[in-house]
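Structure incoming, see below.
By letter and in written order, the chains are A, B, C, D, E, F, G, H, I and J; residue numbering begins at 1 in each of them.
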């Protein structure tokens, strides 16, 4: 499972709208509207780098209302949960 | 469930060590070592703001090797997964 | 009581107008026009994170004239005043 | 009443200690430990600019554990509360 | 006397025009066009915080050509000159 | 008269000490401790660029407690006051 | 062989389009769409500084969709590969 | 082939030393000392994300002289060269 | 001789055009298109601060295509060349 | 002739010392102590990129007192002066 965390800024009045569109994209596991200098944080869980590339450089790019993104690839996950199992079922 | 996402920078050779310590703290759901300008991203899932405050301003603060943190409170979660159920069991 | 402090930048000639609109929103306890690199600071005092989320991601977002906000959740309050009592009456 | 809001960064493990010291200084109305890129936010309510100058450039400066401060003078307060009355009594 | 120093950025071809308008406002003691990352620096000398608030949040805000300002309140003045006397006469 | 405005950051507990030392240097007209992200602002009024160079790159550089300075040359002054006369007497 | 690495930001929905145009320019060896705060990284391998200047200040400048570039000249290459040979053939 | 580009800052007098050590690590294809605000740029070409994670969070982290790194995952490569073939042989 | 170095950013496709216009202004000794985060660097050599002020706040300001400038006054020149002689002839 | 402009920050009390050392290095044409956020600007005029690389990554790197440098390669020079002739003689 390839995991990525994306920090997102949106147009001021498009936060919820962008979040709804994002979470409907396959591979987008969770989207949070957040406090602080970013507007949204998306957690991506996909099978391969190509899926991640496709999601970030194509599917996300055409969403209206996103002004800036910063994509972080997760090198390693540390958790008491079996994330692979938990999210694989629902992927 | 109160969710928070924390962007973390660590001493250069303490990334894995900090991640291991972090994920052993109750309420820390996942920790990822990541590419980009941050070193780690921690996903916190707790019952109340007080638990979050305790975790951030006390438990995390005494961890050796953390140089900077930026805590973001999640206002709203958007997901096809039932996160409350998925993580409540294992909290 | 959930307290939050929001740093706000506005369009140059909309400082007072935005401040007036903000302070009329339930949950906005005080708004200050300030010196320095921000234009306004709002102190939010509400009952729950959901109220805070609603205020920040919906009610504030539609206000005309706000260009940037940075929301900070107060983990803990330190004061000689009984803030809970002082502000609860007027909330 | 002269109001000022001060954004404060502290040494990582001195957040609570600095907050306790700060709130014991006359004129410091409230101190909040906060999420985001600052560690503490202090609300100062004093009688004159001289009191504010004394507090900021003398009393706060000698506190151990503060690494950076950014002081903002409140030009105008907008609130449904009668802040002058509420805080004058307890000043 | 309340003194304030304001760092100002303007539209590229409006530097002189903004400086002329600024210096005609009562309370604006001096305006300098400067080298470096700011375009103008204004020295304000007024009788009270309210005068300063009125100047900064009303009179300056409506000037055309200003893109950004950062207002600094002077806590204390150190000078061999008797500034109060020098500027009081001409205020 | 060559005028320069210098934005200064100092060690936290050296603000007043540095201000006192600065204002005793010939050519330093005024020093203000200020709110915001800088600690001091010095107004320099000297006869020539060489005097300014000497002051900035030699006299100021050896003062203990200064951590960072940003010197701005004033191209042009706009003022109702006859600054040349006012400060020439006392230079 | 003169090598240069260029960090590129593009309009949000022009990443792939700009990459395709860039890689068709003689001297552009590789273009990568990347995670993080930049959108593209181009590796330039040309015969002389003049070729590099022509590419950067003329050919790249007219490409539609580029918002910002930061060109870095490679002083020295360290590699187990014989880059000169590998890329010279295909230049 | 997983490609990554890493922007690196080093201690001032360790640029060449770090470059030599880096290029000797399996998976590091090329290292360039560069002009601009970074000191080195490393091009990583490995078989899998795990190899990349191991290189970035373990092997690179213990190198003496590196002060800061920013790792970018390459989503897609655009090149007239058959990079896979060119670099696969030498990997 | 008063020397100043100006860091300039321009509209993306106006680099050469702005450079040509700049170098035709009396007092502009050299203009370089450069790598890195700035687009142009201009070296100004004039007789007095007033000439410098006139050049920076009037002549340069009306040039089309400049988006940002940062002017640095040279306090002192260190060179094996007799710059005063070399450039005085051609000024 | 390869020209480069280097923006330099130094330890506070080492500005003049570093400037003297720099200008004695072959290829360093001029060094200026400057106002603004940088301390020195060096103009390098050498025969080849290799000379520039040697100067920047070896000779300059061992100078004591330099804290940060940002090297910009000049792509093209625009000047009424015949810089090649003027500086070639003295190189």
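Just so we're on the same page, a residue touches a chain if its C-beta (ideal position, glycine included) is under 8 Å from a C-beta of that chain, and two chains touch if they have at least 3 such contacts.
Here the structure is a predicted model, which means the values were calculated and not measured.
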Counterpart interface for F-J, drawn from B-G, A-H or D-F and sharing over half of its contact pairs: D-F
Selected pair, greater C-beta contact count between B-D and B-G: B-D
Maximum centroid distance from subunit J, chain identifier (CA atoms): C
Inter-centroid spacing, subunit E versus subunit D (mean Cα positions, whole Å): 26
Cα-centroid distance, subunit B relative to subunit J, in whole angstrom: 46
Distance between chain centroids, defined by C-alpha means - subunit F, subunit G (Å): 45
Shared-contact residues (touching 2 or more other chains) in subunit B: 16, 33, 35-37, 53, 56-57, 70-73, 75-76
Touch-based graph of the chains, sorted into line, ring, star, complete or other: other
Interchain contacts, given as pairs of chains that touch: A-B, A-C, A-D, A-G, A-H, B-C, B-D, B-G, B-H, C-D, C-E, C-F, D-E, D-F, E-F, E-I, E-J, F-I, F-J, G-H, G-I, G-J, H-I, H-J, I-J
Residues on subunit I engaged by subunit E in the complex (per definition of touch): 4, 53, 56-58, 61-62, 66-67, 70-73
Subunit A partner contacts - residues on subunit D that touch it in the complex: 35-37
Residues of subunit J defined as touching subunit G within the complex: 2, 49, 52-53, 56-57, 71, 73, 75-76
Contact footprint of subunit H on subunit B as seen in their complex: 12-13, 15-16, 33, 35-37
Subunit B contact footprint on subunit A (complex, rising order): 3, 5, 7, 16, 19-20, 22-23, 29-36, 38, 41, 43, 70-81, 83, 86-87, 90
